[in-house]
Structures are given as structure tokens and as C-alpha cells.
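Order of writing sets the labels: A, B and C. Residues in every chain begin at 1.
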Amino acid sequence: MAYEITLATTMAISVLFALSLNFISGFCGQISLGHAAFLGTGAYASATLTKASVPFLLTLPASAVIAGFFGFLIGLASLRVRHDFLAITTMGVGFLFVGVVRKQDFLGGELGMAGIPSPDMSREMFMVFCIFLAAVFAVFSLYIRRSWMGFVFDSIADNEDVTRILGIDASRFKLAAFVIGTAGAGIAGALYAHHFRYIGPDSFGFVQSVSVLAMVIVGGIGSVWGVAFAAAILSVLPLLVQFVDDYKLLLYSALLFAMMRFAPDGIAGIVRRSAARFRRATP
Amino acid sequence: MTPVLQIENVTVRFGGVTAVHDVSLTINVGELVGFIGPNGAGKTTLMRVITGIVKPQQGRVLLEGRDLARKSIDARVGAGLALAQQIVQPLHDMSMLDNVALSCGSRKTGRVITAMLHTNREPERDKARGLLEKVGLGNVVDAMPATLPLGYLKRLEVARAMALEPKLLLLDEPLAGLNQAEAAGLADLILGLNKAGQTILLIEHNLREVLRICPTLYVQDNGVPLAFGEAGEVMKNPDVRSAYLGGHA
Amino acid sequence: MLYLELFIQGIVQGSIYGLIALGLTLVYGLLRILHVAHAALFTLGGYIGVIVTNFTGSFALAMFVAMIVVGVIGMAVYKFAYEPILHRPPYIALIASIALFIASEEIYRIVFGPFGLSYINPPLQGQIEIFSGFRLKHGEILVMVIAVVMLSALAWLSANTRTGVAWRATVTDPEMAAAFGIKIQNVRYLNFFIASALAAVAGVLVALLNNLVEPTMGSVPSYKALAIIVLGGLGSIRGTLVAALALGVIEAYGTIYLGKILDRDALAFAFLIIVLMVRPQGLLGEK
């Protein structure tokens, strides 16, 4: 049972993390290649606090606020640069995060932080808690899609200049997307730190940022169900299949490339298109 | 006569070239002003000064008496300006109806928190349906913009701008790229909007349609204002005639 | 004396950055693609260089083979990876390129092993004393000489040959160039060939300096080269070279003076972010 619990917990954290990126890149169309930095921010913040005997549950809002604050700063960057330039700016932020953390002794430097206290709950309870938080964020995402905020996000993702011509202050909405998305990643990071109980700079590097982007894109950028599904599968597949674990990066990158090349709208897009074809075929 | 738009002594230079030279222009409530000029007249530049993309070296632009300087495009739209662009830019991932409905929802999209708390799109869709009807697109409300020809998208631009209930409607070459019948139809629509009380500045190349519908003309050439006034008078002006007929000889 | 040593090491490193980043600039200038996978070709160049040298004993031959093979593979990357997605938004190509790059690194790891390869008899290891107490390896001098020769040759060719003129015309205005009968497709192939061949040269040289090629040797240069072309103003050859040399030198000093607070490899990105925020179009770029 213990193994299944670990799997389910890992899965839930990945789903939450992927959905948080989906909020920024999927809903609002701002491609981020440094999202792991916010997972890391949350993880380091939460671990530092629990090590200082702050109760785990209290560290969650703190992680969200700290990650969201840095997310706000990156959001400001998105007001200056767009599209692929935003992507490499966020990539730079990711490298910067790792580069800074490596050199900080109070964060464990190169070696990272080990011996992070376990959350004050049983492993089963922690699993349920992680699933609960992922589900809450999924429901929240689905709600936002339907709201006027989601309407504006659609418009910004489509054409930011037009959005402004329609009298909408796109900057504020972009900032909101960054703050909410990175705060979500911060919470995922706090869960991550107390699930694995060890974190290091390499846990939050470029490869992790690309992996989570792969989950979002393979699932179907913007689709809550698609992204949750892809994150669930891609996060546990390497744990279940040894062969996959050996070639995890190759699999992720090949999948990502294939999706970009042949179906940039991901699994959700493929499902949507086949459903449409099916409806046409059966009158 | 209440002025809606006042352009006061605006000059724009790009490097050594003066694109707009000391232009002043006032548009009053309910007017339909045609803004014409040969190629390179500086029409687009003046237009961009109004929308805020180009900053003038001198002069200022007032909307209902308020200076627009340093206001972003969305703030200018919020203040009562609306723009139908020359190059149509529909939002491709939503239907014609939602393109207009989003524009109708400015009260819900004005603040992030308000937008977050509201989900009901029906009132705006109803209003959008009415607007699409009005511009002659009642039969394609649920179509995706990419499937429709240019003439439809030009009208969509107008409907989206009208949805903002602007004090001043700026139309940037709405007739460009349309055939004669389409252009005449859209010109009639513009005239109709004006008759219903909408103040309009129409920047246009199609002289024939402008002369047909605009009671007032403003002519600019090489960035210099040539004439402004009643259409018939303006067209008799020798400077205007030579700008159009005799080149710059 | 430390200052001068650091400076010259910075120039050597900067020359390598320049050779890599120039290829990226060429690709960006023509296709507006941020071609991260370029660094995978750089690594491949390193492998070919070591393997051919070890087999034949000729470093010059190895360099030549690496340029040709990697150049052709670069053309294939354009044909099969980029051409089909050119009409999509730019981030699609960027992500595809990153994916291709990571996949290539994994393939090198599987094919050549995780620990890397070295020269059996590393060439050009002799040293010259430039002034008292300061020595440079022949290899390091070769790096600077090759960088200067390659880049001036490229500049001369683009200014003085028909092909060069066609290339520049295509970069400036593809439609106009096509109207004048320039075959855009050929220009693009040539572009990828030259860019990739330059990356191969850099790869062979880095393998020589470190006497090691490993699967991940492209990781740092790939992202750093992106930073360089942005700093250089995107598509500007001169700007790229200036940025590459400047970064090499700054890193050399930065490692000494900023090493406590910032990782050497993060320095480029700190600059990148600052420049993008102040001038979103790059350092020397226009627009």
C-alpha cells in the first residue's frame, strides 16, 4: 500500500504543479520556461519554515505568498517582452534561481536541504490532502475558464493588442495570471518538499521546467482535463516502468517534439477533433 | 456645439522628416468627418497620435475636454474612443458573437476582481446579437471569423467598436479592400450610425464614398492641413485639387 | 597580471561563444526561430572531432569531416523539424527546438556512453610563453585564430559574393528577394549548413581545450548563446560578436568577484534579463 500512496501523492503534486502552469501558459497564453523556479521557491520557503518549527499547514499560505510575489515580478517582465522573448526571459529566471540558490548556505547550497520534517499527518492523510488541493485548483481553473476573467484570458492569448483596443487593461490580467499560477506552484512546492523530504537546486532546474511544460502541452494547452490527465500519467510512468525511468528525458522530449510538430493542441485537441469527426460520421 | 475630439497644434517628426505639421482639428457631437489625403499625407500618423501609438513632439489631443497625453490605448478606449482597424484583427478562437460580446462587457472587464466574480455572458451576448444584426451580420453570429470573407470582418470591426458605446468612433480605412458594392453598403451603414447620433471620424481613401456620405471634410497632404470644412467648399479649394489632381507640382 | 590573464581567458571563451552564437543569429535572422537545438550540433561536432582524430590521427581532417557532416545534419533539422511548423506561432518552434535538443543529448548519452570521450593523443597541447609567467596553449591560440578567420571569411563572403548578396537580400525582405528570383529555400539550406558547420568547429575546439566531449557539453552553451544573441540585438552579426566576447570577459572576472553570490553560468541570464527589461529589443538592435 505504501508504494501506491507514494505514487498517488506524487501524481497529485504534479497535477497541481502542471495546472498552475496551465493557468499562465494555457489560459493567458504567456509561455513560461522557468516555472520550476516557483515550485522551488515554495519548496525552499516551506522547508525553511518547518525546519524552524513552524507548523506545516501554516507554511502553505506563506509559500503561496512568496512564490506569488516573485511571480508578480516576472509578470512585470511579461509586460515588457512577449512571445518567444518572454519564454527566454522566464528561462533566464529559472537559471538565475538555481544559480542563486546554489550559492546560499542557509538554503543548503549545492547539497540542498535534507531532513525536512514530515508534515504533521499520516502518509494516507497527506495523500488525501494533496489530492484535495489538486482537485481544488482544478475546480478553480474550470470556474475561471467560464468567468469573464477566462473570457479576457482567451482574448489575451489570442491577440493582446486587440484586447487592449477593446478597452481592456491586459496588463492587470496578465499580472493576475502570473500571481495565481505561481502561487499555485508555490503550494505544490511546499507539498513537494514535505513529500520527498529532500530538496536541492537540481530539483528545480531547467529540465523540470521543460518537463512541466511538456505535461501542459501534451495534455493540450489550456485544457484543464487534458493537462491533469497528462500530468498524472507522465509523472508516474517513470516510477511504474523501469525502462521508462531510464529513458525518461528522452521520452518526455520526444513526446514534446512530436506534439509540437504534429499536434500542438495536445491530447485535448486530438480528442476534440476525433469527437467532432465521430459526430459528423454518426448523424 | 460641444466638441468631442480636439486636436491642437499637433506636430510629429520622425528623425528629420515632419510627418504631421501643426494640425488642429475639432470634431463636435454628432458630426461625421471624412479625413482624406493622397498617399503619404500623414493620415495614419495622425490617427496613431489619436490612439496614442505615436507621441507628438508638440500639441495635444483632447477627448471631451480631457487631455489624452500619457494614456495607454486601453485607457483611451475607456475614456470614450473606439477604433475599427484598417487591418482586420478578429479574435480567431472565438465566434463572431463572442468577439462582440467581450467588447460589450467593459463593465465586467474593467477590474480583474469583477471579471473573476462574474460568469454570466448572456446579457452581453444579447446585446452583441443586436449589434451584429445592426451591421448586417445577423446571419453569421455563430460563425468563426476565419471562415468569413473580408467584408464581414470589416463589419465585425465596426460592431466591436460600437459595442464600446464610444463618444467618438474612429474608422481607419474601413472600405479598403472591398469591392464597390460592399464599400457602398458599408458606407451606408456608417452614414446610418451617424444619423443615429454617433460621432465619427472616417479616415478613408475611397474618395467617391467619402464625398457621398460625409458632410464635413478634412484634407491633409504631406503632413500639412490643406482644408477643413463643408465638403463642397473643401473640394473647390485649389490646394486640394492640385494635391489630388496635379501631384505636388 | 591577473587582470590580463583573466582578460585573455575571457577572449578565448568569448571566441567560442561567438562561433556558436553566430549560427543562432544566422538562423534567427532568416527564420525568426530561437534554435536551441543548435547546441546539439555543437556537441555532435565535438564527438565527430574526437572520433575521427582518434581513428585517423589527423586533427585537420577531423575538423573538416565534422563541419561537413554537422552542416548536412543541420540542413536536415531545418527540413524535417522546422520547415513544417514555420507558419505556427514562434513559441512552437522554440519548444520543439528545446525538445529536440534534450532528445539529442539523451541519444548521445545512449550511443556514446555517459562519461564522454577524450583524444588518445591530444593535439596542440604545446604552450607558448606570451610574457613572463603567462602561458597559452597552442589550442587556445588556435581558438582565437580560427574564430577570427572564420568570422572574417563569413563577413567577406556575405559582402562580396552573389550567394552572400542573395542571403542578405533574403534576410532583409524575403518576398522582395523571391521576386528577384532568389531561391529562398536554397538560401535557408545554405544558412543552416553554415550555421551548423560553425557550431561543429566550436565543438571540435571545445573538445580540444577540455580534452573531453560529453553528452551534456552543449547544455550551458545552448542557453547562453540565446542570451548572447539577444544581448547582441538579434540578427546583428556584429552585435553578436561583441556580446559574445564581452560575456566571455565578464564571466572571467565575474567568477572571481561574484562567485560568492552567483553561479558563473547564471551571470549571462542576469544580464539577459536586465537588458530585456531596459531594451526589449536587445542591446544593439533597432526597432
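Quick notes on this one:
Please note the rule applied: a residue touches a chain if its C-beta (ideal position, glycine included) is under 8 Å from a C-beta of that chain, and two chains touch if they have at least 3 such contacts.
As the structure is a prediction and not an experimental result, all values here were calculated from the model.
Of all the chains shown, the one with its CA centroid nearest the global CA centroid is A. For the criterion of most C-beta pairs in contact, the winning chain pair is A-C.
Set against the Cα centre of chain B, the chain with the most distant centre is C. With each centre defined as the average position of its C-alpha atoms, the distance from chain A to chain B rounds to 42 Å. Put simply, the C-alpha centre of chain B and that of chain C have 48 angstrom between them. Our note on geometry: chain A versus chain C, Cα centroid distance of 32 Å, whole angstroms. Considering their complex, residues 31, 33, 77, 80-81, 83-85, 87-89, 91-93, 95-96, 98-100, 102-103, 206-207, 210, 213-214, 217, 247, 249-250, 252-254, 256-257, 260-261, 264 of chain A touch chain C. Touching chain A in their complex are the following residues of chain B: 72-75, 77-78, 82-83, 85, 89-94, 98, 102-103, 105-106, 108-112, 114-119, 121, 160, 164. Across the interface of their complex, chain A is touched by residues 34, 81, 84-85, 88-96, 98-103, 105-107, 110, 223, 226-227, 230, 259-263, 265-267, 269-270, 272-273, 276-277, 280 of chain C.
On the side of chain A, the complex with chain B involves touching residues 143-144, 146-149, 151-152, 154-155, 157-159, 161-162, 164-170, 172-173, 176.
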